[in-house]
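Across the two complexes that follow, chain A remains constant while its partner is chain B and subsequently chain C.
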Partner chain A sequence: MSRPAIEVRNLSHRYTTDPVLRDINLTIEQGEVFGFLGHNGAGKTTAINILTTLIAPTSGTAMVNGHDVVAERNRVTAGIGYLPAEVRMYPHMTAAENLVFFAELSGVSKPHEAVAETLEYLECSELADRRLGSFSTGMRQRIGIAQAIVHRPQVLFLDEPTAGLDPMGVRQLRETILRLNADLGMTVFMNTHLLSEVAQVCTTIGVLSHGELIYKDSIEETVRRFPDEASLEDIYARMESATP
Partner chain B sequence: MSSPSSTISVNTATSTPGHRVLVIARHEYRAAVRSRILIVLLGILVVATAASVFIASAEYAGRLADYQAYRAAAEAGGVARIAPSPLAPLSLLRGAMEYLEIIGAVVAIALGYLSVSRERSNRTLPLLLSRPVTPTELAAGNLLGALGVIATLVAVTAVVAMLCVGFIGHDWLNGIQLFKLALAYVAAVAYMGVFYCVGAIAAAKSKVAITGLMIALGIWLVVVLVLPQIGDTLDADNQIPGGLFAALGLGHDGEVRILAHFTTYETIRTSIETASFAKHFERFAFAMTDVKERFRSLSLPDLFFQVRTDIAWILAYSIVLVIGLLRAFRKQPTVPQGGQQ
Partner chain C sequence: MITTFASQQIQSLRRQRIFVALLIALLAMTAVAGVLGWSSHNTITRVYDEAVRLLAADGKPAPPNPFLLKPSLSLLSNMVVYIPLLGALLALVLGHLSLADDEADGVGRLIFSRPVSRTHYVAGKLFAVASVLAAALAGSLLVGIGSLLVVNRAVPAITDLGRLVVFYGLSWLYLMVFALVGMIAVLMTRRTSLALLSAMGVWLVITFAVPQFTSGLRPTESLNPITNPVSTSQRFFQITAFARPYSVAEQYKAASSHILNLVTAEPVAQTIQRVLPIAVLVTSLAIVTLVLVERHDFSRSSSNE
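What follows is the complex of A and B.
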């Protein structure tokens, strides 16, 4: 059996005195599309920041592709792609220049070819030579995804990827995630509070409430376990209302 | 709309720290070259240098013509020993060195501040550090890129200055003079590199980068303008025009005898001067460019011996500030602390 894509044990984090994450235990297998649900301020972004090595946890361990996020930082970052909640990058550079820069940092052997192929895959080659400063939110999001996958990572972290997108943008993003998962077997870890997205894209969900992981299971099992609820939204509301 | 690609190939991605540092350095260089603020500052420096050397060269051309006329007359009159030229074309670069010392330091601080504030305002730090890039590599790459920008700037001012001396002053620098000039400009790159570190460290350590810029400019004010002046102002001999001891009719021995009663005062005054990094650069640059007459007749080894302390101080400041820069980047928060959960 292959090692899990993500394995978190007794993970806690605090910025000041109040804990943001409390004793999280979580395993995500290779090839899963994991939806991390939670209200604003639940600790989802902190979790993603720890898993992408941007901050060190206060206690506990987190492994990505079998590598510890603190002790083996470079091995972890070599195998992940990250799309932050707000994609900014370098506005004075063109989309292609931005992407080549990030591809080179990851050591991609033929960065220009990889960028052209990635943009074509995401159906946005026409954006290549335009400066990022002139882009709409949707365009920036697509270049942000290109940035996250240009080096073909095994695990892709998306932080609220649908924020600010119009319905067409949301639909395109959904299709892209499914294609990446199908074509490259990419594991996807997605922070969101949009349950409609989770229902259509994710294979597994986790629910974070006030820093605690209160639920984790496959979508199928979740629906089976809560037969009385009409939708995932109802299930989520029931879970949240059950927490103190 | 491009035609969609149904498949995507898998890249084999591996990178070494050296490669990543070079990629960041190239990126930093490109960003600096595209920055309007920086271009304006660089323009001011180049124009100021050109103007200063141009004016000095124009005046020098007259003195050189006088000397050549004297020499021609002496040769025609059969004078056996003709006095060598007292002129030093390298000394025409005094103004250029002073502008590098003052404006160059501000440009370097701006470079350092911009390299940190740009990442912050673009919010690209998390993206960079989610790659196999360490904060140390980021700092090293930024520094290398900035040194590239500084070296380009210094090279432009050097070429402009050289051409002014040649075309306006009608005196072309020989091999040894060019070598000394190159050494002065290498010191200028190190000097500006230190101020780049000051700007970057102050910005990286401040929650709001502009506060860091203010702090760095405060340091510049003290180190470049105040400290070197204190040394001169507190010098007893500088209290009246022409020199206090000369006015009292005391020779060098008399001056030494009197100052022996003020050793603590003199130690403090010298220490203040020594603490100024700018003063060490100025002494080295002036020695290399024949600004000080007492250095003009010295051979290169003797010249190096005379400025060994200044070289040591420039190296020491450079090492300390580079270490400081690496530490500041390592401790810089990559994401807003506690703001976003």
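What follows is the complex of A and C.
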């Protein structure tokens, strides 16, 4: 059996005195599309920051592709892609220039070819030679996805990827995530508020409330467990109201 | 990895209007320094020629041409004033821009979620800033040499060229202080606009406030490299005289004046002694920048409002 894509044990984090994450235990298998749900300030972005090695946890361990996020930082970052909530990159540079820069940082041997292939895969080659400063939110998001996958990572972290997108943009992004998972076998870890997206894209969900992981299971099992609830939104509301 | 960061930074800077505008202003001021030198040279020569003609008519001997008594590089003496003013602003903005995008636009999060070392990141940024600054000063040097060519109608002597190159080398070192201040301010503040204002505050202190104190409140000395005319018998002036070697702006101006041969010559060792505090300050600021980047939380974006 292959090693889990993400394995978190007793993970806690605090910025000041109040803990943001409390004793989180979580395992995500390779190839899963995991939806991390939670209210604003629940600790979702902090969890992504730890898993992408941007910050070190206060206590506990987190492994990505079998590597510790603190002790084996470079091995972890070599195998992940990350799309933050607001994607900006360098506005004075073209999309292709930005992507080549990030491909080189990831150690891609032929960055120009990798960028051209990635833009073609995402069906946005026409954006290559335009400066990022002139892009709409939707265009920036597509280039953001391109920078996250240009080095073909095994695990892709998306933080609120649908924020600011119009309905067509949301739909496009949903299709892209499903393609990345199906074609390239990428494990996807997605922070989101949009339960409709979770229902259509994710294979597993986790619910974070006030820094605690209060629920984690597959979508099918979740729906089976809560037969009285009409939608995932109702299930989520029930979980949230059950926590103190 | 260092070259990846450096080339990205240079590419980005070339397209930033504020930086390009300041660079053009610096080059224009270098040309202006030459034009002013040429203009005063022309006026004085015309007056001298007229005086020679009148004196010859009276059968009196003419004194030597005053320009022959002045050092040949005196035409560019205004550069010793322009570089600490405009050059320092350019360096400040350069240092600021080199990190501001990574902070305000959250690019730092994308960079450090990749297998890159923070030391390489700092080294790349410093290399880019130092290279761009060197290129800007090289441009200014070429404009300065062009001015000398036009005014003197002859190629400057090798010693004069050597002096100019050393002067611009010293200017590069001095301006690195402000580039590093610009970088540090970005790392220490949450708003990029506040970072630029703070850096400009430091520039004001180094360029104007400290020289006012160390020169014993003699306003002209903050702008012009003149010799100290005040007695050091009083306590206040003793203190300011003690602090003076640490005033990098004054040391830069004094060392520049000696390098360009604008004032009475001093031993080379003494000029090197003037440069030493600037070199120590640049090294210290580079170390501070490295430490701040190592400790910086790139998971948070600063506001660019």
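The rule we apply is simple: the second predicted complex is superposed on the first by the 244 of 244 C-alpha atoms of A that agree within 3 Å, B and C clash if a C-alpha of one lies under 4 Å from a C-alpha of the other, contacts with A are read in each partner's own complex, and residues count from 1 in each chain.
One rule holds for everything that comes next: a contact is a pair of C-beta atoms (placed from the backbone, for glycine too) under 8 Å apart; a residue touches a chain by one contact, two chains touch by 3 or more.
This structure is a prediction, so every number in the text was calculated from the model and none was measured.
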Check chain A with both chain B and chain C modelled on it and let me know: fit or clash.
clash
Tell me which partner A:105 touches in the superposition: chain B (first), chain C (second), both or neither.
both
Could you tell me if A:16 is touching chain B, chain C, both of them or neither one (first, second, both, neither)?
first
I'd like to know which partner A:191 touches here: chain B for first, chain C for second, both or neither.
neither
Regarding the shared-chain residue A:54, is it in contact with chain B (first), chain C (second), both, or neither?
both
I'd like to know which partner A:172 touches here: chain B for first, chain C for second, both or neither.
neither
Residues of chain A touched, compared between chain B and chain C (which is higher)
B
Is A:118 touching anything from chain B or chain C once the two structures are fitted on A? First, second, both or neither.
first
Which stretch of chain B would you flag for clashing with chain C, going by 4-12, 22-30, 76-84 or 256-264?
22-30
Where on chain A do the contacts from chain B and from chain C line up?
49, 52-55, 73-74, 77-78, 80, 82, 84, 86, 88-93, 101-102, 104-107, 147, 157
For chain C, which residues are in contact with chain A within the complex?
1, 4, 8, 11-12, 15-16, 101, 105-107, 109-116, 297-299, 301
Could you pull out which chain A residues touch chain B in their complex?
15-16, 20, 41-46, 49, 52-55, 73-74, 77-78, 80, 82, 84-86, 88-93, 101-102, 104-110, 114, 117-121, 123-126, 147, 149, 151-152, 157, 183-184
Which residues of chain B touch chain A once you look at their complex with the stated criterion?
1-5, 7-16, 19-20, 23-24, 27, 30-31, 34, 122-124, 126-134, 334-335, 337-338, 340-341
Which of the residues in chain A end up touching chain C in this complex?
49, 52-55, 73-75, 77-78, 80, 82, 84, 86-93, 97, 101-102, 104-107, 147, 157
